[in-house]
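Next come two complexes built around chain A: one with chain B, the other with chain C.
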Partner chain A sequence: MTVAPISDTRTPGPSAAREPHIVRVAQHTVEIVSDSGEGAQKCGQIFGRVSAMMGNGTWTVEIIPAEIQPPPRTPPSASGNRVRLGTRRVTNWGDEADLVVAFNEQVLLHRHRLGALREGCTILIENWWERHEDEAIRAAWAEAMQELDGHQYRFIKVPMEEQCLTVVDTPRRGKNMFVLGMLAWIYNRDRDKTRELIAHEFRKKAREILDANVALLDLGWQWAAEHLDFRVEVPIEAPTEPQVVMNGNQALAIGAIAAGMDLCSMYPITPATSASHYLSEIFEKYGGVVHQAEDEIAAIGVAVGASYAGKVAFTITSGPGLALKTEFIGLAVMTEVPLVIVDVQRGGPSTGLPTKVEQSDLLAVLFGQPGDAPKVVLAPATMEECFHVMTTARRLAEAFRTPVVVLSDANLATGVQPFPRPTVTSDAMAGALDLGPLGEGFRAYEWDAQTGLSRRSIPGQPGGEHTATGLSHDEHSRVGYSPDVHERGCAMRSRKFAVLQQSLRPPAVCGPEAGDLLVVGWGSTLGAIEEAAERARDEGLSVSTLHLRFLSPLEPGLREIFARFRTVMTIEINYSDDPQDPYITDENRRRGQLAWLLRAQTLVDVDCWTRVPGEPLRPGQLLEVMRRVARKGGVS
Partner chain B sequence: MIDLGCSLLGSAADTERGWEFQDYQGPVARWCAGCGDHAVLAAVQRLLEAEQLAPERTVFVSGIGCSSRFPHYLKTYGFHGLHGRALPVATGVKLRRPDLHVFAVMGDGDCCSIGAGHWVHAVRYNPDIVAIMLDNGVYGLTKNQTSPTSPKGLKSNTAPRGAWLDAMNPIATTLGVANASFVAQTGDWVPEHIAATLRAAFHHRGFAFVRILQRCPQYTDQLFASALRDPSRVELLLHPDGIRAPAVERMVPNHREHDPSDLVAAFRLAQPDERIRLGLFYRNEHVPVYEQVRAVPPHTAEQRARLVNEELDAYAL
Partner chain C sequence: MPSDERLARVHEVLRPRRDAFRAALAATAEQIRAFLRAQRATPSNGRGARLASELGAFGADRIDVTRLASVFQAGATLDPATNTAVERAAATLTALAAEGGLPVEVDVPSGGDLRQVTGEALASIGRAFGAVRAFELARAGGRRLEDVALEANGLPYARWSRGERRLAPPLVVTVDGADLRAECLAEFLDGTQQIVLVVRGACAPAPLVRLITPGTFVLQASDAAGLDRLAAWEGPAIAALVPDTAARFTHDPMGGADAWDRLTVAFLPERAPRLAVGGASASQQGEELRLLRVLAARPTALPAAADGAGAVGAAATVPADDPAGRLAAWLLAQADLSELG
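Moving on, here comes the complex of A and B:
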């Protein structure tokens, strides 16, 4: 791509006579950023979706401000999407952007300051502000341009406001479609499909609104065709099997229905809530109910009640809500009530970073309850896994009479990626409620002495009457405080997870089975870690990866796998002390949460590299870490 | 008939079998001698027998505290959960299993203190459950701490010089919540009135809030002692649509005609004065019940699978 110096900020004149230069690349990352409320997200979503429909690999991630309507034309107001396109499957949001469309210079500054733009990046920017009647705005523009000076960005000024005014009176509500039209021309997107998606988006609005948006799309296309000197081609190798495209929260929601869930009991919290919004829209059609409780505690309490009564219930929350649910999770462990708890992790502690990604709830989930409270913890790594994990979680919860925590995160929740269309059959659903009588002598906890497993009775079943209790209890659910009752109860509630662990397969190693460096990850970092490792191997480095889906119980065979590598380290989005930091020694260093767990469980000296930037990790950044560690043999 | 979308194998209608008092009787209750909980337990067993409720289709949910041991002493299904959290669990049971008879049993600390948020919202959801609040004005199980309903001046381990604040008024509080549909008060020294109150509560369709005034023989044994010695301290709220307990009406000289559909009058009567009022303060049979409001037609797994596949079409590329 041609790179013009920053001084070249002319608005291009018509260039229809010239054939545009075609930039042919295997992958390309585009960002669309506007003030919150200007619709860059809608534009990005449709662009990502139409690209996926055409067969490109895509990964779409939201750029979200913390407020609904932060002051406009300020860096924190930046709202939009990053869409990474690829010829092949795209597994993460990539490194820096190759092309940016900015609705004003302030939101552009925000992305620049975060290091989101590649040197050489093409920037299409609304030029209205440069000549704005308000002197302060003109000054702000000039100041921003000064800050951006010295970087190899190619600026193309676009008269978005001026163009849109030819179609609508309030361009603030239409620029996004003009931009979509420009992008559609640049990347040669299918115009009919794009129009169809717009029609779907505005299906509930008046016809005139749809027509205006389509007109803006066409205008954007036409302007780009007449004025731009380049187009980008990301060749398509369309997958052969049918695909669906959605974000992780949508996948969790449909996955819950496919798993046969009856009840989602929740309290609003970011970034979990969009799953409940979606379920609120559709769940009743399937015989399910979303109950918005008065608080996080009641939300899980209602789910526990429904599950105790034999229905399949789940609750969905994020860090602060998880903290409030702690006591009820312990009760579900103690009473062995099956329950699925979804935690869409965000930055913490406390209110932390409500809209941003982190993987900091692992240890809280594992050890948050007072007393011994073992449970199953699963971490889906992709949108596709978000869909399937709900069936797995439901089955494990019932078979093992246990709470199952599903750890998703903000990156999965808002990221959009195509994946093979799941086949949904009635077999995946929970069976009908069996209210058949139980035989003489039924005990509420008929713990199998070997496995700790027991069948449960549900209200309505004659012969199964008992009082479930959070107090220490024997097989009949009779309260008992004697040492043997409590020892036995704890052992039985723990044993079943050893049984589960032994039924799991050792995790697959991606890359060589032995070598210099093994990187272990969990959750949404899968794509970035594997891409970085692949690039490291291309450079001749010996780097392998392993990604855990089961965090409790841990998948088997880890110690043997770790023994085959010179260095084992985790990469995670949570806090750990940097070995170089003041006062930090090998003895007092606080490590990443998975590293902590693996060290305790395997006695292997597992190292870690973790960050808490409030955004997904970038593969290029991980590649640097891998280079350093694979060569030197340690993070420090 | 509520269609559950599930097999009801073996679950014969409640009336097909004959249930006797002992069929509901669990192990010997371990409350102190003289505790009002015994009287309530007996009244509840009598209610279950009189209404012939199948033990397997009856669920008692409780919180934590002396009173919350209640389900353990019955031979129905029970769920003895967390301090303050009986109502969310009971709501969850009733929400998705409206075929079950659901009771929630709480103490004053449970309901009015740690679980106060759930109390307010359960009144508003109005699920068809009987909520019994055993109010002895003190924390007993944790050994004599002030509760929200402790009378001002009551000495306890946490207020050794006497409670600083006026007691909370659970009847007025419940009456003040949107969708309140049944609010009654009775006392542990008038068993016939307890029975009549529980019967009315059970037959009410909606959230039936019953406060039972009690003494704790250990820590508040003088609470309501004056009412016991002198029945003229009590005033019975009576109405053809109210709660009738003839023996108690003969014993208690003060009767007041109160129409339980009159919310404003109920509020006035709930204000504290020298009289202890027992009876039905308020009843409104027209408030929608939550499990009905949220009822959805059940689906078979096959129907669901078909619909999910249709939903996925919207995401198909």
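Moving on, here comes the complex of A and C:
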């Protein structure tokens, strides 16, 4: 791509309309950033979707400010979307952006300071601020440009405001579609598909609003065609099977329907809310109900009650909500009520980083209840797995009469990726219960002495009458007064997990089966870890990866797998002490949450490298870690 | 009989929603059969494969289903009576889901009762809901199966639940203009029920106006052109395809908070009705026309909603955000005697 120093920046004139230079690449990353509320996210979402629909590998990540309405034209206000396109499947957001569209210089500065821009990247920037009537704004522009000077960015100034004013009175609400038009031209996106997606986006708005947005799209296309001197071609290798395009939260919602669920009981919390919002639009058509309760505690209470009554229920929340649900989760464990709990993790503790990704709820989920409260914990690693995990979670919850926690995160929740259209079977949607006759002498917890499993009954089922209690109880659900009742109850509730664990297959190692370094991960880091490991192997390093989906019970055979590698380490998006920091010793060092778990479970000296940047990890960053560890034999 | 072309167009517009309902019936029937298969499955009879299917791709890839299946005891089987009830429910749903199984168009014979014919057709559609209820109750232990069996033969609209009313497919009714007393259909306009009346012969000028409520889409037209909007509306809706001489209007609940914003009148007959049509006297027909005018009349001091910020004139003297001003303007509009001049 042509690279020009910052001193060459200018608004291109129509003379640039000569045949554009075509940049042909196997993958390309574009960022669209604006002030919060200017619609860069919507622009990126539509661009990502249309790219995926055309057959490009796609992964999108939303850039979300920490506050709902941060001060405009400030770096923290940066809001938008990163879209990584590829000829083949794309599994993560990559390293730095190759092309950036910035609605003002301050949001651009924010991304620059975060190291999100590749040296040599092309920046299309709104030029209105440069000659703004407010002197302070002009000064801020000049100051920002000074900071950006010295980097090999190619600036192209775009008169977005001026152009949009030819269509709408308030460009603040229209620039995003103009930008979408420019991007559509640069990447040669299908305009009809783009228009269809815009129409869908504005389906509940008046016709005039849709028309204005389409006009802006066309204007952006036309402006780019007349003024830009380059286009980017990311060749498409059409997938062999039909694809669907959605983000992780949509996948969870549709997955819940495919799993035959009846009820989603929730209370709004970022970043989980969009799943239930999406579900509320479609669930009733499939016989389901979304219940928005008055708070997090009531939400899970309704779900526990509905499940107790024989419905297939789940609740969805994020870290702070999970904290509030603690007591009811314990009740579900004790009463052996099947329940699916989806935790779309965000940064914590407390209200933490509401809009940012983190994987910090693992230990809270595992050990958050007082007393012994085992539960199944599953961690989908892709948008596709977000769809399928709901079916598995539901069936395990019912088969083992236990809560099942699905740990998603903000990266999966908002990112968009195409994946093969799932096949839905009626088997997965079958009723929750065998409601046949229970027989004489049925007991509410007729624990099989070997497995701890028992048949479930619901209120009103002939022969199944009993009093449910959160108090420690015997097989008849009678409150226990003798010393061995609690011991036996705990043993039976725990035994089920051993049964499940023995039914699991050992996890697959990606890369050589033995070597210098094994990186273990979970959740949304899959793509970045595997891409980094592949690059490390290309450099001749002996690096393998293993990604866990069952976190409780843990998948079997880990100790044997770990024994084949010189170093085993986890890479996670949660906090751990840096071994080089003051006072930190091997004895007091707090490690990543999965590392903690693996050390306890396998007695292997599992190391870790974790970060909490509030954004997904980058493969280039992980490659550096792998190089260092594979050569040295440890994080420290 | 109404022209085949009009009817064909009506059915074309309503087909997606009807097909979706049929698909839901077929899926539910398949779910019931899956339930029966699960009841009959044994370890030697595909239980492992079935468990893999139940677990979905995420679990089946990581769980040894044969091993897992072996730890679960076979479930108890249904007693014969319950089994029969469940099989019958599946058969009912399958029959209704088949092409031609669902009442999609009914005819009110000349002199017939529109309410009765419509009610019977909806009750017939209600067999689907009756079948599902039968299945649910059968699974719950076979209680009240006799009552359920009756429901499976026809479930009147009045007994449909809120959820069922949101699932109902559209219905087309052909009727003589003389028999069109649309107000009798008000009880069927709930959930997302859509009814399209295709009218034969002369009818009153505004027979649907009495059905206008804030949340109901009401269309009176001479052709099927406006039916797309009706089909897209996620709420109760009724349309009548009437002769050219009748009024033509659209009441779209998405139009705004006030009746005059929601109501668009494309044509109003100039002459007041002078002859009775069927049981509707000229006076009753005139009342309907007057009601239509009143509902459509925008207070003269108020700007049109679509005018937005650019509206000028009277709006300048009555701030849109001043409730008292808006009320005063509306009262003045009611006293507008210009038509008498």
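Keep in mind that, in the parts below, the second predicted complex is superposed on the first by the 625 of 636 C-alpha atoms of A that agree within 3 Å, B and C clash if a C-alpha of one lies under 4 Å from a C-alpha of the other, contacts with A are read in each partner's own complex, and residues count from 1 in each chain.
Everything below uses one rule, namely that contacts are C-beta pairs under 8 Å (C-beta built on N, C-alpha and C of every residue); 3 or more make two chains touch, one makes a residue touch a chain.
Here the structure is a predicted model, which is why all the values come from computation and not from measurement.
Novice: Now for A:His291: first (chain B), second (chain C), both, or neither, which partner does it touch?
Specialist: A:His291: touches chain B, not chain C.
Novice: In the overlay, answer first, second, both or neither for which of chain B and chain C A:Leu433 touches.
Specialist: A:Leu433: touches chain B and chain C.
Novice: A:Pro462 contacts which: chain B (first), chain C (second), both, neither?
Specialist: Both partners.
Novice: State whether A:Ile282 touches chain B only (first), chain C only (second), both chains, or neither.
Specialist: Only chain B is touched by A:Ile282; chain C is not.
Novice: Quick one: classify A:Met53 as touching chain B (first), chain C (second), both or neither.
Specialist: Touch status of A:Met53: first partner only.
Novice: Once chain A of both complexes is superposed, is A:Val302 in touch with chain B (first), chain C (second), both, or neither?
Specialist: It touches chain B, and chain C stays clear.
Novice: Quick one: chain B or chain C, who's touching more of chain A?
Specialist: B
Novice: After the superposition on A, what does A:Gln502 contact: first (chain B), second (chain C), both or neither?
Specialist: In the superposition, A:Gln502 touches chain C alone.
Novice: Contacts for A:Ala399 in the overlay, against chain B (first) and chain C (second): which applies, first, second, both or neither?
Specialist: In the superposition, A:Ala399 contacts chain C only.
Novice: Output check: A:His388 vs chain B and chain C. Expected answer is one of first, second, both, neither. What do you get?
Specialist: Once the two structures are laid over each other on A, A:His388 reaches chain C alone.
Novice: Considering only the contact definition stated at the top, list the common interface residues of chain A for chain B and chain C.
Specialist: In chain A, positions 258, 260, 284-287, 289, 310, 422, 425-431, 433-437, 460-462 sit in both the chain B and chain C interfaces.
Novice: In their complex, what parts of chain A are in touch with chain B?
Specialist: Touch residues, chain A against chain B: 52-53, 55, 242-246, 250, 254, 257-258, 260, 262-263, 265, 282, 284-289, 291, 293-295, 297-311, 313, 327-328, 331, 335, 418, 421-422, 424-437, 459-471, 478-479.
Novice: Can you list the chain A residues touching chain C in their complex?
Specialist: Against chain C, chain A makes touches at 206, 258-260, 284-287, 289, 310, 378, 380, 385, 388-392, 395-396, 399, 422, 425-431, 433-439, 448, 451, 453, 455, 458, 460-462, 499-500, 502-505, 507, 549-550, 555.
Novice: Using the touch definition from the top, list the residues of chain B that touch chain A in their complex.
Specialist: Residue list for chain B touching chain A: 4-11, 26-27, 54-61, 64, 71-72, 74-82, 85, 87-97, 99-100, 117-118, 120-121, 294, 296-302, 304-305, 307-309, 311-312, 315-317.
Novice: Could you please specify the touching residues of chain C with respect to chain A in the complex?
Specialist: Residue positions touching the partner: 20, 24, 27, 30-31, 33-35, 37-39, 50, 53-60, 62-65, 67-68, 71-73, 75-79, 82, 139-141, 143, 163, 166-167, 306.
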